[in-house]
Structures are given as structure tokens and as C-alpha cells.
Amino acid sequence: MNTKIPAPDPCGVPLEYLLAFINEDAPFGDVTSELVLPDIERRARIVARQNGIVSGLSEAERLFSHYNVDATVLRADGETVDRGDLLISLEGPVKAILLVERTALNIIGRMSGISTRTRQIINVATAKGARCRIAATRKTAPGLRILDKKAVRLGGGELHRFSLSDGILIKDNHLAVVSLEEAVGAARRMSAYRKIEVEVESADAAVTAAKVGADIILFDNMEPGEVEDALSALTRLGLRNGRLIEISGSVNEENIGDYALPGVDIISVGALTHSVRNFDVSLEMMKE
Amino acid sequence: MNTKIPAPDPCGVPLEYLLAFINEDAPFGDVTSELVLPDIERRARIVARQNGIVSGLSEAERLFSHYNVDATVLRADGETVDRGDLLISLEGPVKAILLVERTALNIIGRMSGISTRTRQIINVATAKGARCRIAATRKTAPGLRILDKKAVRLGGGELHRFSLSDGILIKDNHLAVVSLEEAVGAARRMSAYRKIEVEVESADAAVTAAKVGADIILFDNMEPGEVEDALSALTRLGLRNGRLIEISGSVNEENIGDYALPGVDIISVGALTHSVRNFDVSLEMMKE
Amino acid sequence: MNTKIPAPDPCGVPLEYLLAFINEDAPFGDVTSELVLPDIERRARIVARQNGIVSGLSEAERLFSHYNVDATVLRADGETVDRGDLLISLEGPVKAILLVERTALNIIGRMSGISTRTRQIINVATAKGARCRIAATRKTAPGLRILDKKAVRLGGGELHRFSLSDGILIKDNHLAVVSLEEAVGAARRMSAYRKIEVEVESADAAVTAAKVGADIILFDNMEPGEVEDALSALTRLGLRNGRLIEISGSVNEENIGDYALPGVDIISVGALTHSVRNFDVSLEMMKE
Amino acid sequence: MNTKIPAPDPCGVPLEYLLAFINEDAPFGDVTSELVLPDIERRARIVARQNGIVSGLSEAERLFSHYNVDATVLRADGETVDRGDLLISLEGPVKAILLVERTALNIIGRMSGISTRTRQIINVATAKGARCRIAATRKTAPGLRILDKKAVRLGGGELHRFSLSDGILIKDNHLAVVSLEEAVGAARRMSAYRKIEVEVESADAAVTAAKVGADIILFDNMEPGEVEDALSALTRLGLRNGRLIEISGSVNEENIGDYALPGVDIISVGALTHSVRNFDVSLEMMKE
Amino acid sequence: MNTKIPAPDPCGVPLEYLLAFINEDAPFGDVTSELVLPDIERRARIVARQNGIVSGLSEAERLFSHYNVDATVLRADGETVDRGDLLISLEGPVKAILLVERTALNIIGRMSGISTRTRQIINVATAKGARCRIAATRKTAPGLRILDKKAVRLGGGELHRFSLSDGILIKDNHLAVVSLEEAVGAARRMSAYRKIEVEVESADAAVTAAKVGADIILFDNMEPGEVEDALSALTRLGLRNGRLIEISGSVNEENIGDYALPGVDIISVGALTHSVRNFDVSLEMMKE
Amino acid sequence: MNTKIPAPDPCGVPLEYLLAFINEDAPFGDVTSELVLPDIERRARIVARQNGIVSGLSEAERLFSHYNVDATVLRADGETVDRGDLLISLEGPVKAILLVERTALNIIGRMSGISTRTRQIINVATAKGARCRIAATRKTAPGLRILDKKAVRLGGGELHRFSLSDGILIKDNHLAVVSLEEAVGAARRMSAYRKIEVEVESADAAVTAAKVGADIILFDNMEPGEVEDALSALTRLGLRNGRLIEISGSVNEENIGDYALPGVDIISVGALTHSVRNFDVSLEMMKE
């Protein structure tokens, strides 16, 4: 057997990041395999146990390959799969396959769960005529942002900010300390390069934000009717030009259609990553 | 203001582990706060937005304290709270409060979500007369096992294995390579100290496992009726004495009552940690 | 002596990051101090040996404090200082002061060198009537980006991208692979949230970039006359509205005035961080 | 394409050290490449844009190879190159080439800048008849000592101390606490193995240091005439035998000739590493 | 020469763990090799200098292979070897061989020392008719538990607890705070899954521990006669059934025979890992 | 109780280094304490169980203090103690005391074992009239060099090289590749700063080494008589002046007297750190 090490994904996660998960699951090795298994090689396969959008396969491949298991990924990350579909076929040392098994399934399960739900919400929105992008937020599992965001992208979603370092977003908690005018003014003086986004909760605040130069207006926790009124006010005052409109706040499959209004550019959905339903997937060792 | 650093929790997570989450959320600092906020101190508070069992408060406290925010935890981890309850009151530099905000809320949201669901499932099982322990599995979010397991414990659940290093569990994938007799025999020869658990899918296998000396028998993906038959067979053959019985496989709120049979010691529920519904919680900055 | 630990800077660097520098300078401790010095406390001071803009003082303070040296920072980071000015006064164990000495001076020396040069270039540009922001690039010392960028900001500069993760910049090396139209089109489809910047080397390319929807046009390695022609072309075609113009490519103190043209929003200067002249600073131990 | 992984340099830096720089430049991946580029392979090349001594090529090679880019290094580290010379030819995934590009250029730029200046200063000194070694100090960029020192060595310089752990150097700040006699005495009692170096600022102190047994005398911030007087005094008193003489303190290209006196063994130049002028180098993607 | 990278041992240590030891031994590279050796390849061999049980060979192999040295392991870890036996033959860059030499020998020396002593003690116990398992404790060298425990296993010993996370052991220091009944009761309520072990120092305490449900009784620092009395008491009271008996406390080669009593299941020997006698092993470079 | 955090030892180990040992011993916390102990505070004490030189107390103190246990160190590191002596008194949370217990005792046990043996060997050598320094080698436990070397120093030993980066030592394995003349010549050309040590196995080789300029001659595995002959030859040829003589190779308590010859400066003893006998020490929890 001639294992080929797959190239690290240049847009992906470092191998060290993934290996830390193996170390979490086996800080002193796998005592069961060590005691009960011989040093032989076997074939195994990873199979989908539900329909959905699969992701995390390339991460699983890299982990298995690191332990000299020959992993053949049979479906692309981001692809639609059906219950029973074969996702990865494996061949290598049984102890290595079982060492990686749970970590690989946990990664595929979480990421595919996120990709699947992202696609479902996009489908619902699209069916309602939405022309906007569906985005994730920073409400990810601690330490898993790079995987959670990648899963959203593979499901068709927009990435939004990765972190506090890569976007200016002035929220209610900032505005409890400084006025909207001061905040946007300070940001504009110091940052020609970055877009300035302001969170508002009313049409009036939206108009103020637009007047002082916000590049993106984030309507937070507003009713669809309130959003429509605010959009009208901005249009009436000639403040829409080149400005992005984003909606956030408890948007889900049920109500996203109501927010998919003309003029809305982005709808952010925290639940995509903060309330994940695991995608069901399993590993089957071949008997010979 | 005189900040007292809380003692690290001897049974808890190292501070470095928590700080890595801050670094994920701000690899180059918080550009918004840096540009728009003055260096002043304020009060803020973290509030429950739903009913449930709260956890992650001590982790949040340590993060805020590390950044010289005076954090007063008002409810104990593991306690029942109601929507609107004040959980933590904060006082310190606004920039520090906002740097930690999202990470703290993500930790409390995930952990309390797990604790709340654990308690709900225990309540369902108890109402059905169950006398067994409800346990989590290793189906945790990668990298978050210590927090996920702690949240299960605070919800009243059993910890089960932390990792492949701390328990012998012979599963179907081992038994595709070696026979049950060989596996248990090898484990017994090498390990007097650890319990030996064997996963079975039939009454026959359960009897075999008991005969060769398994300490725990794990009934995986069996119907309640099959479980009852297997328990009867074990009893009939005098193989129950001192042996633990565990149930696993797609157990949830709906069907747990059917499995809460006399003679069952542990029911493991992967969904406790693999499909988490975020607990709703928010941080409010005081205006002065 | 009652040492107060300064709060971590919420917009700053983690202490662990700074301690790694101490570990680099003393992987097995400081053999000289260990062998020749008694365990006594002394006062010491850090003094500027040239005029300029000082920075890195808060990083030095945190390092000294970590080793129980009482550090009083006497000048603010970003402030103008003169040769001979006292920057930090210290009191604590002599061994601790000398352990941290070189690392602290290396940090202050590099950061102040960057801040000082940033201010000088801004002053030159301003004197030539520039109304644009002066920005650093990613040409930082490997591993030191957070400190290098902070020093630029303290000198009055613009931060620009921190990393490949936080801004879309389509450069000549991308355009050797895909056409400008394809590249901008793909970016727009996938990213409503982020600004799209395109690097061009001619007026024609600038017009194309604007037509397909670039938010920022980066004029790279163009002569001032070429820049003026390109700006005229954009204006003539009604393509300037809301679009940022950035200049880069071997800009320095000599030629920045020529690029400080009306309509230019940002001038990036790689030399701010890739060719640093150390700011001269020293530590003097008091005799008693 | 058959990528060969180059052997780690046994005298060089661990790969993990270099990969941390990639992680700094792309904590969440390269969003531009991810959005605008296809998954294809291309050729590219790294070219010198100035004359000088090149270094950092083996570090760049290892980074590219790690990402499955076939890197052929065409010039040896430490070799003299001319503007326009091809340094490395590359072939591999375009996304991988662009992920590594800036980090590789930053490493080559800094290291070659240091090697080039080291060689220039050595050439100046040699032209003035110096027979001594030119050494770097610990005034390196924080975290980059191993690369900075390696670049000095490749330029022909002497390494001197790597850290506080590997040499005894008694400086003015030690002598503000203990007397020269006590310090050298204590060091001699405890350390037969290590050389003992003492920093002096006068001929008298040099004589004292020699009398109490210093192995190296470091003349710090002394005028050339003062150095000559001190050397004469040592010779006159029969204290030169087997003792090394080192010069330091603001030595540069202008004044090094004045210090290249007979009897001087080492001249240390902090500016070699604390004030680096980047070596100009670029990466060009081939169109096909 | 075609180096094959050996698969990571699924039950073994991560490569990063081993590489940290190389970094400890060469934080800035190997200055001797760098200065005095050419870049050539040579053959070398690692040879046993005493009789015993060898281990650590696979760890050494992985380190050499990482540095592109072709390492052929000639004896299995856990095998008996004689003085003069060839253990590993090497071929590769001399600088790489010498970089790894000391670290590899230190690992083999410590691990083989542990395996050898483990086997010796087992042999002594077996000769005295013992039917119990010999176990290591947590008295390992800090940071080396995974290697120390592996060496015990390769010598034929039992692993016992790896850490405080993977077994419940109620010791005298717990019982200074809570009563035995409370402690065992609390553990039983919270943990159906884990065995509960209780340390006792008298027959009475052993009986109490058995009555309240301890799964393992650890006789600590008791004389052989006291152990016999306690075992009789337990048998007499019908408390032996299914319960494990462990002995600990200053057991060594001299007295282990006295403790190898019928009914004893495990004897733990801290000295196996806390007082290690290095196994003598050396590396010889071939002259050509 | 008012816990004072002790200052990090400027010549000592970083706290992070010590905390990694706690993490090794409790990757998921301490399950026993968590389940059976209340959250109360208690007093405890660490007591010597044998005579010897104690060390590692300051490392233990820092670990306990980190977990908010008030630790009072009652004996200085390096001091002579007797069986029964109280070393550290503790007061704080019982769970914290027990979390740190084993790690602290393992550190004190290993370090004091090394310090005690170092002192014993020095005493033996001194009694035989030796005037040389006793040094440790690099034969330390992997990852523990900084602690092992510190323990040697506290026992009165010489530190010798910390690593391959901080001393030039040309050994037999180098001389299998290059001639002694070439090796010393190359080292002298490149390194004015560092001492050059050469390992020899005969009087002839010693004379050659001295002639080509070795600063230290290391007599490896030579009989005392051979050493005397070699010293005579060096003296006769006028090659002793300023040159250090070191002895190594299986020196121990039995034979060190034979090597303590006039003219020998250093005797290195690998066994000081490669074959450590644990110092017996225990922790006792107070009943109230």
C-alpha cells in the first residue's frame, strides 16, 4: 500500500490544529486497541446515515493519512449526499483507523450538520424570493471558528467577520458608551480601509447611521414591518446608494421568508453555528 | 475597584485553554473598540434569556477577571434559572468587557445548553421510573470535551469515558478484527485494574460477553424488547451478578422511557453533546 | 513594595506572546546573574537615547510586572519624547530586571523605531498637502505583525489588512491565473460583506476594475503622472463615486510628496515595517 | 509532479517555527484565493531585485514544500547574487504558492538584508586591515534570534552568545550591584567550564578585569584612542596572554575601520540585527 | 537513499512531543556540527552496552526519520537483548545523526532502564509464585508519563491509572477530610461507570471499604502479615467476591516475594519509574 | 487567608512549563476530588522521609500558589535536611492541594534525589583531595534538563553545557568524519568567542588537541594511569598553560577518587542525572 499524503489545504486548517483533537481523545494512547488488537491492516469505510450536505471530509482525510491510513475521499466537501452513500474508503493499520475514528466522525458530523442546515435555510429563503446572502456570525463553538465558518461556506453561506480583528462593527454595547456620531466619526478618521458597520434598532437610528457615513447598516431584532419602514426612510432620503443592509436577531427557518425583503443584502443567522444538529455518519470496519 | 482573581478550579480547565478562545476571536486585537471607545470603566451584566440549567459561569468569571474586569457570579453553575435572571454582574474597562463578551457568551450558551438538555432528559427518564444514570459519550465538539463533559455533570449526568486512554471498551469495529473471546481474554490478561466493557447487539452476544468476563455489557442499537430478552437470559444463566448494563444508540427524549428498564444501570445519550441547542444569554452594558 | 499587575491591554497582545521572547533569550535561565548577583532589590530606569515617538512601553511594563518588578511607565505609548527623557522607572529584584532588560529594550527599540518613522513620513506627506492616510503593509517581521502594526497605529498610521484572512485583495499574481472580470465577479458573488480591492498597474486596468465593481483600486508601482492620468480617466467615466484609491510600491520619504495627490485615499509604505531603524534606548541600574 | 520534502536542516529551525508565521498571516485561511482562484497548478519564480548576499532560501523551500509546492532552490544561502537573478523556481497549486508567498518573501527579505549588511561591514573592516571577527549581539527582533543569527553567520559573521543561558557576560548593570572582583570571583568558583567576559569602559577597569581572571574583556563605548591605551596597558602588565579583546558600542560602517586595531579579536555590531534594511525580492506567477 | 517515514504509533506518542526534546537539546541548532562538519552522509549504529529489555527504539526511529536519516530498527521494543547487540542501524546526513544522537540515547536509556527493571521484578515475583500483576504508579518523571508507562508495559507490567482523570482512588488524604462511607457513597452516586478504589492501612478499614462497596481495596504500607490477616477477614465476612486487592508502599526486589500472596491481584511499585537506572547504550559513527 | 504569589525565579523555569505537568496528571481534571470532596480549605504539610539535600521546593511553591494554596517554604533549596523535617506548610482548598500533590512530590523527589547524589559524589571526591569541579552532562531525562541541571547546581555541581547550542565539543563521532586538526581549525576560524573542547582517548590525541589549540581537553573513558601519563606529556611539552582538563566516562562514587588527580579541572558524571534515585518525600493533609 502506497499512502499519498494529501497537500495541506491552503485555505484550510493546519494539521497541528486537527492533531490536537486526536490528542484530546487519546492523551495516553488508545488502551483498548493496544490491549486487544493485532498489528494488522484492514479496509473500512465511512458512510452517510442521513441525507444532506457533507463537509469535513478533507479534514478527516488528512488525519487518517497522517497515521498512514490510505484514505480515498469519494464525495466532494459541499456536495449533496443521500443516506447510505459511501463517503470515504480507508485501508491501513486497524489501530490507526480506530484511533482516528471518533475524531473524524465528530468533525464530519458537526461540519456536515452546519453545511446541511445552511443549505436548508438558503433554500427556504430562496423559495421566498430572497436575493440576499445568508451569513454566519461569531456565535461558533469556542475554538472551532475556522471549521464552523468553512462548513457555512461549503453550505453556500457568507463568511461575515472571522473575528474582532477583521471588521468594524459598532453595536449597542458600544453605543451605550459613545454616541453613534462619535463612534462612526472616530472609525472614519482612523480607518479608510475597512468598512464601517453600525447596528441599529430603529428607522431613526438607521437614518442617523447612514448620514454619518456607515457603510453597512445592521438591523438588529427588528420586525419585518419595521425593516420595511426603515428601508423606505433610507430610500426617501437618498441614503441607500452603495450602502449594504444586513438583518440579524433570531432569524430561523420559520421567519426568514419574512425578512427576505427587496433591498436586504445579508441575513445573519447565529443558529447556523450555535445550535448544531449533528449529521449522522458512521465508520464500518471490513471483516477482511 | 479591587479585582480579586478567582482561584483556578482544581477540577476545571486551565486558564490557558480559555484564553486560546479569546485569541481565536481577536488574533490582532479588537479593532472596533480600539478605534471608537475611550479608556473608561463601566458596569455591565449578563442575563439569562430563557429558563434552564446554567453552566459556564465560572469559566466566564475567570476570563473577565484575567482582563481586570471585576466579575461577580450571582448564580451557581448547575443551578436552575429563569428568563430574565441576572447571572453575572461586571465592572471594569469597557474595552476588556467587550473583548471577552462573545467568548464568554459562547461558552455559557453552549455549556448551559448541554446542562439544560441533560437535566430535561434525566427528568423524562425519572418520570418514567428509571433508576439508571444518564451518561454522555465521546461525541463532543472537537477540542471541547472537558467543557462538554463538565456541562453534562452539572446537569446531573454521568461522565463515562473522557478519552480512549481511560477505559476499555470493545466495540463492533474491534470485533470485526478479533473474536469477543480473544478480545476479552487479552484485555483481562493485561489489565487487572480497568473495567472491561463490551458492546453487543444481541442477547447471544451479551451472554457470551458475560461468560468470558466482561464487567460492563453495552447494548447498542437494540430495541427495548430485545434488551429485556437479553436481561432475562443473563439473569437465567446467573450472569448478572456485579455486572453493569449500559444502553446506547439513538436514545432521546422520546424513547428514553422505553429503555428505562429495571436492571439497566447506564443509558448513554450522544445527542447531549453532539446536537446542542444554545442557551440564550446576553450581555448588557450599563449606560453609566 | 506593592506590585500592581497592569491589566492586559484588551486591544493588545497576550502575555504568553511576550513571555515567549523571554524564553528565547533565556532557555535555561540567565547564567550570569545566577552566578554573580545576590538576591537583592534595586531601582533602575529606562531612558530614551534619541528623539522620536515612543512605543512598546506597555509591553515592557507587562513583562517587568510579570517578574514582580514594579514598573512605572512615565510616558504614553505614541507620545513624542526627547533624548534623555525617562520612560520607565523600575524597582524590584535585580535578577528579574536583568532577565527582562534586553527583551524589553528590543521591543521598545523596534516598536519606537517604527512609530517614529511612521510619524516622519506622515509629517512629510502632510507638509506636501496630502489628505490621505498612510498605511503599513504585510511586510512585517515574521511573527511580529501584531507589534509592528500597533507601532504603526501609535505613530498615526492606518492598519490596512492584518492578514490574508481579513481582506480581499486581488493582485497581479492572481490576475496571472484568472481575468480581472472573473476574479471580481467571483468575489462579489461570494462576499457581500467584505470590500474588494484590486491591484492595477495602468489607467486601463483601473477603469476595468472600477467597471466590474472593485471597492478599492490599488495603483501599484505607477509613476505619479500615471496615477494622475488614471484618476482623471476614472472621474471622466463617472467611476470615482464611493471608491477608494490606494497607492503602493517603493514609496518613501523622498517621493511621498509626489504621490500625495488629490483623490488619493491611502498610501501604503512597506518600508515602515520591513526596514526598521532601531530607536535608541537603554536601561540603567541605580547604584543603590 | 513529484514533490520531494527536503530534509530539516539539523543546524536550522524546526518546521513548526516557520509554520507559525503562515498561521500569523492566515489565521482563518486566505480569503482572496479561496474566493477567486481555481484549484490548478502553475509555475512561479522568486527573483532578486537587488545585489547582495542571499539567505533564507532553505527556510522558504521548506515552507513551500510543506504545502506540496515543488521548490527548486537555485542559489545557495550565503551566496552573492545580482539584481534579476532567479533564486527559487516553484511549481504547484496556485493557492499554496500564494499562501506562502508573503511569509517566504518576508523571511528572505529580512535574512538577506542582514547577510548583505554583515558582508558589507566585514568588507569595510577587512579593507582597513582588520584581522578580527565581526559579531552580532542579542539585539535581534524578538522571536527571530535563530534566523537573525543564522543570517549573520551566512554573511560571514561570528555568532557570539545566543542567549543569557550560554555565556557569562558581566556588564555595567551587574557592576552597579557587585564589584568586579566579587563578580569574577563568584563566576570562577561556580564555572570552570564557561569563559568569563567582563564589560569595561576604561583602561583601569580593563586591567582590573584581567588581573582577577576575565577570559574576555569587552571594551564598551570607548574611543579608538582609549582602546589603544587600554591594549598598551594590558600588554605592558603582561595581561594579554590568551585573553580575548572585544569592542562594542555604536560601531558601524563609518567608524569600524578606526576600531580594527591590532590585538582586537572581535567587534560586535548591534546594528547588524537591530536596524535591518530589507533585501528586495519578489515572486512572479507564470501565466501558464 | 530512499527514506521511508514510519507510521505514527496509534498507541504511541505524537511526533511533536518527541521533537520538543530535540528543541530542548538544540534551541539554536548544533554549533559544533555546524562549524566543523561537512554536509555528507554516513552510516552509524546504536548498540546495547548491557543485557536487558530494550524499549524506546520506535521513538528513536521516528526522530531519526524526521531528520531524513534512514533508521532500521533491528530489535523489537520489549525484546531481551545482550550487551553488544546491534539495535538500530542508521544511514544519513552526519549532522542529522548527531543532532538526534543524545536525545535518542536518553530516551532509549531511560525507557529500557524501566522495562528492564520491570521485567526483573516480575521475574522475582513469579519465582516466588506470585499470580498477580505488577503495576506502575503515577510516580513518573514530570512530563514523561506516556513514555514511562509504555516502558512498564513493554517490560510486562500493568499500566494502572494514567492520571487523576481516569480512575477513582480514595486515599488517606481524602479520608482526612471525609469519612470512608461518605466518600464511597458519593462516588457511587455519581459514577456507575468507573471502578472505585479505596486505600486502607488496616484490616478494619479494608472491611469497611468492602462493606460500603469499594471495587478495589488498596493495602498501603502494610506488613505482609497484616495483609494476610486482612484478606482472611474479608473472606470470612464474604466480602471478597469480585473485589480486587492491590498492594503498595515501598515494594521492591527484596520484599516483593513476601507480598506475592494468594488473593493479591496487583502489586504497585513506584520505584519502577521514580528511581530509574539508565540502560547503557551508545551510538557509533562509521568511519566511512 | 491572603495568598501571595511568589515572584517567578528569574533564573528559573517558566510557570507554563510547570503547569504542563499538572495538565499531564489531570487532562480532564481530578475525578476523585470532584466526586468525593467538599469545597473546603485545610492545612497540609510536605515532609522529608529521608536525609539529604532538598531541592524543587520553589517549583512546588509556585504550583501550589497558582492554585491559590498558601505555601510557606520552610527550608531553602540546596539545604541539608533530615528525615522528618517539615519542608513546606500549605493552607488552601483541599481540591487544589490534592490536584498539585503528586506533581509537586514528583518534582521534589527527582530534584532532591539529584541534588543529594551530587553532594554525595562531591563529598567523596573532596575527601580524596580533589580540587576539581563535578559536572553534569546532557544525559538528563528528556524535557527535564532545566530542572535536572538546576538540581545539580543546588547540590554544588557545575552546569557544563545546557545544550548543543551553547558549547563546542568535538567528540569521537565528529572525529570519525573529520580529522582533529581540521575540526579544531574550522572551529577556530568561525568562533573566536566560544571555548573549543576536544574529546580524546589517549595521551597522543591529547597532545595533538593541545597543539592545534583546543581550550579544553576531555579525557573520555581513560584509566586513571592513562590520565596521569597524558597530563605528564602535556606538561612536558609545555601545553598545559591556561588549558582545562576534563574527565568523563563511567565515573561514580566508587572510582571518582582515582580520577581526582592534580591538574584535573572538571569531572563529569552522567549518572548524576541519568540514574536518579528518588528522594522520599510525602504530603500529609491535616485532619482539621
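So that you can tell them apart, the chains are marked A, B, C, D, E and F in the order they are listed, and the count of residues begins at 1 in each.
Everything that follows uses one rule, which is that a residue touches a chain if its C-beta (ideal position, glycine included) is under 8 Å from a C-beta of that chain, and two chains touch if they have at least 3 such contacts.
Note that the coordinates shown come from a computational prediction; the quantities given were computed from them, not determined experimentally.
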Margin query: Based on mean C-alpha positions, I'd like to know which chain lies farthest from chain F.
Written below: A
Next item on the list: Tell me which of A-B and D-F has more C-beta pairs in contact.
Entry: A-B
Notebook entry, point to check: Compared with chain C, which chain's mean CA position is the farthest off?
Noted result: E
Next item on the list: Select the interface copy of A-D from among D-E, A-B or A-C: the correct pair shares over half of its contact pairs, counted by residue number.
Entry: D-E
Item checked: Mean-CA-position distance for chain D and chain B (Å) -> 51
Notebook entry, point to check: Roughly how far is chain A from chain E, going centre to centre by Cα mean, in whole Å?
Noted result: 43
Check: Distance from the CA centroid of chain E to that of chain F, rounded to the nearest Å?
Finding: 23
Check: At which residue positions does chain E touch at least two other chains?
Finding: 16, 24, 27-31, 33, 98-99, 145, 153, 159, 162-163, 165-167, 190-191, 194
Notebook entry, point to check: Where on chain B is chain C touching in the complex?
Noted result: 16, 19, 22-23, 27-31, 33-34, 66-68, 92-93, 95-96, 98-99
Margin query: Could you list, by residue number, the parts of chain D that touch chain C in their complex?
Written below: 20-21, 24-33, 35-38, 40, 42, 44, 94, 97-99, 101-103, 105-107, 109-110, 113, 138-145, 147, 163-170, 172-174, 176-178, 182-184, 186-187, 190-191, 194, 270-271, 274-278, 283-287
Next item on the list: Spell out the residues on chain B that touch chain F in their complex, using ranges where they run on.
Entry: 7-8, 10-14, 16, 145-146, 149-150, 153, 159, 162-163
Note to self: Under the definition above, what is the set of chain D residues touching chain F in their complex?
What the structure shows: 132-133, 135, 153, 158-163, 165-167, 190-195, 216, 241-242, 244, 246, 265-266
